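Below: a set of structures, written as structure tokens.
Across the two complexes that follow, chain A remains constant while its partner is chain B and subsequently chain C.
This part shows the complex of A and B:
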């Protein structure tokens, strides 16, 4: 090597891959149809499952007659709860939370059904067609017990109980308190409040849930292929429930076509498919059709929040109180519990703001609907919607610009670390920086001028801001779900150079579309001194990777990335030690880069391949004590985790003729710490905002009073398509965090900020008509109804 | 979500297809583009014993200029209508409407015969047949007959065909018009319409001489609004005409509310679209 090299070892340390917009390694296979999803598995002569699902919201199962189905062509077995009673232990979504009742999870409804869509009978047949034919021959007699279709009606005194053993329909209740809210509200110069609601939503991954259980007769072993983002948790839970040790239960999450949370819990069907494979000693397949996926995968939001905020005369928020009622559906989910979504609403409600006193109470109430579960942003989309609406209401009441009121309330750079009123601690993050960057990128002042002009022409033009903060990469000090005993605080990386010199980096964190195969390889390549293209990342296979709880809660870049950096360093030191033997140089003088070990300032070097050969294959090259396997494992725990934050700004116009909301401009300024791959970060923001637009304007699961889902197909459940998603401007504020690598999680933020920003923009657009926005999605129908209601009033005002 | 068991035949003539339907004793179904039928099969909402596939029949796909009429073969795909220069020049309202029909992939397969037979109250082609007063030519065991749209569209998703009858051609009269407009609002581009209106006007020496008005999405079938047409022809043409027309149109419909839109909202939409449509139609005078 030439002397330039010698001059700057720091130049060598400068990351080459981290920070670069490297194209995703997984894309060529996924985009050319060469991905391998669970449904693509082709075990030998598999059997196929189909489920008879309840059409009743709440009923006692009086009798099930499966005789005709058993005799139908191609049918191997027809299973009811009774038939499998001895084959598993119920899974309990345990939590240490007080006032929590853990509903046991069983594969098929036992005794009674609690929502339309709950699996009651499973048919196993030689094809899915024959299995579905046989379903029609099953006769179930139900005795209706009364639907509980709304959370409000579930808590009245004489409401029927969904889980008698709980003694109440309130499955979880909690309260957070700080300071004297009542006094502060009383003393406030201005109090604003309202009843806010985000309706039920479907996470709706492109790939429906899918499971294949491959049975190995020789070992009475099962390999479960699952479209899961928590394969490690699934493995442990199934192992425990079926009493099947881990070496006879391999769980693999192969390519997974999105989750958004819907594949982030253990499902009854995962238990059932393993039970069936074991019982019949055959491989079994099942993929949800869209109807099943929409009506039986975990759902989101479904919360009503009564909230009030007090401000002093300068627009500083002094106090906040909220009562949240969450319609959590029929069961608590494993492992997160039914507290996950509603409790997060109250724990994140104060958001990035320095609100002095706080009271947040929450109840999670059982209703005859599928369970709610994790959904991109968990709790924070609605917390942000409520807090940001209140900020705007306060600004309006005080005559302060919405941008300015946020400046006055956000935690400022010098105030970190900051403990907000609900107890969460924000580490140093660019709250104000994001606000200012978003305002600049949006051309905020110019937008306000355009708005004034538009209003002069009678047009309904509005601007909305939403700032939020979230905890990402959470370490062991905090449970991701309240009171949950599972370790969500650490992740392990295992990096190995094999005898051919090839590098494999194994991670427990799974990938369901985030591009982790690419970003984790970028980190490993830099910290190991390898070439990016030489690093193969493997994930999601319990036989190949360290135990992990999976990918959720914006944790994988932080925890997986941190583990990668540490493991890579350890392995690099091993390489240096071997190379020092081979090159007869001091280990300290050896630099590892581009897949080679080089003696600094010389052209003496060995490749990883030569090093591997010396370690594994040659008899004499190395002394025995230097032939340590070229492998390093590191378990990383960021202890507290780190904050991520953003400000979203939306400009919308409402067409009074059609009542449609058009998004004219959308800006996101986000702080995800050090960026590993800007292209992937942009993609995550774009996708998250698209989902946020769905939540703000379109998507709603509508259940009628009888607990029937009225929007079970994609004709009726309306999601954004390309024309509904505007071009976005994404600005990155890269303030490095204190965790290893300086990363912050950023997988969920798009969905957290967008609904609130759009809601505020709509409210701003309609403010000349004195219309307030307190429910999402703001469908054209809702805009129409609000405008109709406002009509006589504005006429009345004009007459006065 | 798999269909129940069915047989399948692919005849090469309309006669053979009719025979197959006769042989099925009313249990058979014709398969055209499959875009509406296959979902029904998969949901097991339709359970034919046999599918009679029309796609192997030659000569059912054409757009033919017959001077004052345009004839369209039953198997003509939506996309061919969308891109046909003949349709654009002779049936401009149809040309404008076709891009609102579903999405590209569906337009590549969906057929005019299938769309009319499916009789969705919010589908464009049934509305266009009503607007133009098209003649629907059907063939059955006893030969051919011609049916007008008012008779053909019986109810939502219900046509007047006998189980053995097949639509073979639809003939659209070329309207004498000096201006026209097609307006539609759907949740998203390509969705079924929440409300839609087609208007054409023919200017005479003093005011309007003739008008065609049809709406959809506001009743169980598409509707031609003859009273609104007459009222429009009788109206003085001034700045207020579109508003007055809009009021007449709205007074002629009593839509039902559903998941996607309440009756009031549909009425509001239709009123707004009527106004816009007439403004456009009158503006192209000349």
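This part shows the complex of A and C:
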């Protein structure tokens, strides 16, 4: 078969959807209150769940008395671990990593509790109000076993063990090595280093986690509606745990109100709601309140990094070493494991730089907190924070401008593909191009002049640069999480033209704000030759494709888009074959465009509707063997994946009276390859940067020594609101990637670059006071403490 | 210990029996009237997702009891426009990509409607200040500000 389509004159005029800022298909329903989020489902006479959660950080459960709760008005059932013991198998977050202990995941705490907020008892009642009333009547007796509130205290000899079977609180340990770091550091002209910390964060999607299990008693089947970005993974895990085959367990992620990673793991409540629905043969609903969401959804970052970088006299980084300790919380999560976040810190620490030798060691340590899991950027926000701080410290020590030192160290165009010291391979990407584009867009030289002027006036004005690279659209050769057995490397598209001529494209990805119904339709429309508005995209439904996982790790444009292109091509060839019969022309001479098949250079054409009628409905028009179903399925695997990169530049001013950091300017120059929808790409960058600003300046989950969360409301856990976020200027460097379609993943980058750029800008602003920045967030209180500490010895400088 | 609530929502009169005094207005709208366009994000009055108009003023429906709405006029997001005919503000949100996951959007729109009616919104800073009680985790606010600015411009064009 000849798959090379001949270029015709209409190619020039062909409307191209890919690359255009097409308005989103999702918007009309979401703007009018017609979206359907999980909590909006209205199954017949549903029961409602409420959880009694542990107020103890680490304790043996001595006794649970549920008698009074069972007798309370409206209560259908009260469930403890004992009551459901025979209804499921624990889910094991397996990994082939050596030195890893997989903590089993169970729906309700069994034997002991390991963090404040862990679910212990579930009440099922006719309304949420009545279920919560009954929680008050439950009596649980605990025997405290001693809280582990910090990673450092978890590794001391006499620390209590959170998981006795592990024999240690260190759930994961790894080390990456290349070259002789010790020798290179010794030989370095300049060595810079320090202890860096990125505190614990909440991904904080605006929609709290929510599940509705709809029970079909006619065939003992469940449809789980879940606010998840991994409905395919949830389907497979729940199926295995409950011994319920996939054709009796459908998992749907309907409209999902953001995730940022917090809805990207299997949750105990998802298991429990399915167990409950099956046990009671009724539909069951649960939605977390904000306290539950903050204190039981997966959390983020929480690492301390001791790092050192060596430079030669020209400012070329020769060596890097780091010891990372990650506070991973009480459990390993499914499927990513507790290694996901901290291991990624050492995997990505060398970043986009050509550093000769490297040693990165990491320990993930169990503490009495909710598990850490994926959060936008995963590991790379702190890796970039540390590497970019070291780059600036090196520049300062050598008297080189921060922009110039990056020019000297970034991998250059002619050096790709480049294997960095931790083993990751970058494919050809515009590292230097992003750096230069960001500098130009920010007016870097002018900014430095403004800074000089501001300093003359005694103002604290700083400029910060951060460059990073990330691996996106990862194929089957690399596990998204280290040693994980699930295939995250492929994605299926199934495109069908039905007997009415309507086009439906189904995917296993699961949009939670990215606009995949729009962007994937743009790709299908172009590659099939259809009109954009005629393509319906279905996603987030486990019944639509045989195997799926979901949307995470900046994969959906690359894998979903690649699958869409291949499937569309196959279907287009089928259309050409049918049209060649109908139009009595050679299939190669038929162009498919705008929902029609046209004989090139003529006005002879048939519409998709006529083609569908000929294939499915007419018995005479086509020979029997030409009535081939108008559908195509393709599973695409990019094998390795592709790099995405950016440079962020921030200019900040610090008010010495309030110690508040104001961001005056924020520029991003990013390379996400071929852009599908520039409006959506800009929106993703804006949102990512805003989260990065939160991580840099505001957000911190604070647990006290007794394992109690002190920032459990939105008053205490502060995310950026409109006045705190500056106008962002986004510049695109479109260097096409080698994967199908030339796309690169770009959903996470904003959060990776922004904290480091802001940290460098703050350090630059405070450099006249000799203040260094090594912990984020830089809240006004932290800035105040640093300035107070710096005062006696630098007063003279500051008053200049 | 229940009571009747008579309330006008989006121009339609509802007489609802058996309302518990403790029922939140947000739950009442969603569970008793089936108007699930009003979203519940925090239930402590910080995120603004549940914002509605009560007698013309923006109100957090999670901080009001259903019984307090007795005899009042409420507008929810369902009362603005339809998927086929978006109102001006909704259309500007779509035009400027002022929404991603859509969860905070109903609250943003209701706050936006209130701001547009009551304040001149001369600068972007005014708009940002007016939105400071509504949290969005997806957009970084830039396109929401642009959408409201554009709706304000269109309204003043019409007025002049």
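In this text, the second predicted complex is superposed on the first by the 778 of 800 C-alpha atoms of A that agree within 3 Å, B and C clash if a C-alpha of one lies under 4 Å from a C-alpha of the other, contacts with A are read in each partner's own complex, and residues count from 1 in each chain.
As a working rule, a contact is a pair of C-beta atoms (placed from the backbone, for glycine too) under 8 Å apart; a residue touches a chain by one contact, two chains touch by 3 or more.
All figures in this text were calculated on a predicted structure; none of them were measured in a lab.
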item: Which superposed partner A:742 touches (first chain B, second chain C, both, neither); value: neither
item: Partner chain in contact with A:501 - chain B first, chain C second, else both or neither; value: neither
item: Touching partner for A:725 - first (chain B), second (chain C), both, neither; value: second
item: Which of chain B and chain C A:207 touches, first, second, both or neither; value: second
item: First, second, both or neither for A:513, with chain B first and chain C second; value: second
item: Contacts of A:26 with chain B and chain C, given as first, second, both or neither; value: second
item: Partner contacting more residues of chain A (chain B vs chain C); value: C
item: Which of chain B and chain C A:39 touches, first, second, both or neither; value: second
item: First (chain B), second (chain C), both or neither touched by A:686; value: second
item: Touched partner set for A:780, first chain B, second chain C, both or neither; value: first
item: Set of chain A residues, in rising order, touched by both chain B and chain C; value: 129, 289-290, 715, 720-721, 723
item: Of all residues in chain C, those that touch chain A in their complex; value: 20, 22-23, 30, 34-44, 46-47, 49, 76-78, 80-84, 86, 90, 93-95, 97, 99-106, 109, 124-125, 127-129, 131-145
item: Complex interface listing, chain A residues touching chain C; value: 23-24, 26-37, 39-40, 42, 129, 204-208, 255-258, 260, 287, 289-290, 512-515, 679-680, 682-683, 686-691, 713-715, 719-723, 725, 727-728, 750
item: Chain A residues touching chain B - in the complex, by the definition given at the top; value: 128-129, 132-133, 136, 289-292, 657-660, 698, 702, 710-711, 715-716, 718, 720-721, 723-724, 780-781, 784-785, 788
item: Chain B residues within the chain A interface of the complex; value: 1-5, 43-44, 185, 187-192, 194, 259-262, 264-265, 268-269, 272-273, 276
